[in-house]
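The chains carry the letters A, B and C, assigned in the order they are written, with residues numbered from 1 in each.
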């Protein structure tokens, strides 16, 4: 059984956006009981992550760490036409994940208690992001 | 054909744990000949990696590199309630992998000669980790 | 429906190699209309990434960033028998991706307009790399 849907996520600029409920909805609509759920972001300046979902400070700290590791405006970058956050957004995407695959068991995503699914917008300006969700199973 | 099993991995604290044989066992029990094997860790402070499996110094060096890149007790972190290794464990997980997908061919994981499948415990204290393995194929 | 092929990629040493067309060819030969395409590199010193495909400066900047973050000959590394670029190649592989999974829709990879599929050779010398492509769907 195959089921595919595209989610449109409107971001307000750099930061993390919880997709857990929207992805759970796709899995329910797929009617798959046992299988896999694949989530894919069709952009190279936004990414996905599984992250602790209880304390928002965790996501604040992840952002602080990446901002220091890959600073906007870093002189090592030459691809700067779209601004100082353009190339850092590409590096952040490559160092995190363009796709996630999560097991489906008992008709829902078999995540750990503390795991949430997040889109990570890496550009400073608001963007509209397409996230393709594919559920496969029986 | 779908086959799903959960492995319980007891860690002795920070370090890498070879799961290659346990995963190979799941693939054999699945009886899948051609397909994919998906491995998923249901935690946000332990991760998975494919790594050189011959010289243990490679994993020692990976640990040394990550420990320097994401130091325990780094003052950039505010989420410190569970100790100085808590937030670094989340960052290490996001920068490595919560899941791996490996091709299955001829009834076993089609890994390269030097590739092993490792759980990477990022917390200093021992933990019990759940790893969900899903095999799909024909 | 399952379809599996191995691509042989001859690299000229460190740098990125566009696999988008070769992967598209496998998907066409698979005749899958809706499903997933999984790409897997069977080595621990070369990796895969989805990257901006329009301006080659993006890939030049990614290389510059990683070369600075994980310098060849870094004294933190002890696994140096194969040269100063050996251990950095393993770290680069773990921090990027050994596999990519891309949705298939309408008979082709459902990539964003700016997304290309690249092999990233991390060793300085030329290598021959095996990339296993598995397409599954209906």
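One rule holds in what follows: contacts are C-beta pairs under 8 Å (C-beta built on N, C-alpha and C of every residue); 3 or more make two chains touch, one makes a residue touch a chain.
In this text, all values refer to a predicted model and were calculated from it rather than measured experimentally.
J.: Same or different, please, for the chain A to chain B contact, judged on whether over half of the interface numbers appear on both copies.
T.: At the contact between chain A and chain B, which are copies of one sequence, the residues are largely different (under half shared).
J.: Roughly how big is the turn, in degrees to the nearest 5, that lines up chain A with chain C by CA atoms?
T.: Angle of rotation between the two copies: 120 degrees.
J.: On a C-alpha centroid basis, what's the spacing between chain A and chain B, in Å?
T.: Centre separation, chain A to chain B: 20 Å.
J.: Counting only residues that touch at least two other chains, what does the list for chain B look like?
T.: Correct list: 69, 95, 97, 101, 136.
J.: Could you please specify the touching residues of chain B with respect to chain A in the complex?
T.: It comes out as residues 2, 4, 38, 40-45, 69-70, 74, 76-79, 87, 90-91, 93-95, 97-99, 101, 130, 132, 134, 136.
J.: Quick check: in the complex, which residue numbers of chain B touch chain C?
T.: 34-36, 49-52, 55, 57-58, 60-62, 64-65, 68-69, 95-97, 100-103, 105, 110-112, 114-115, 136-138
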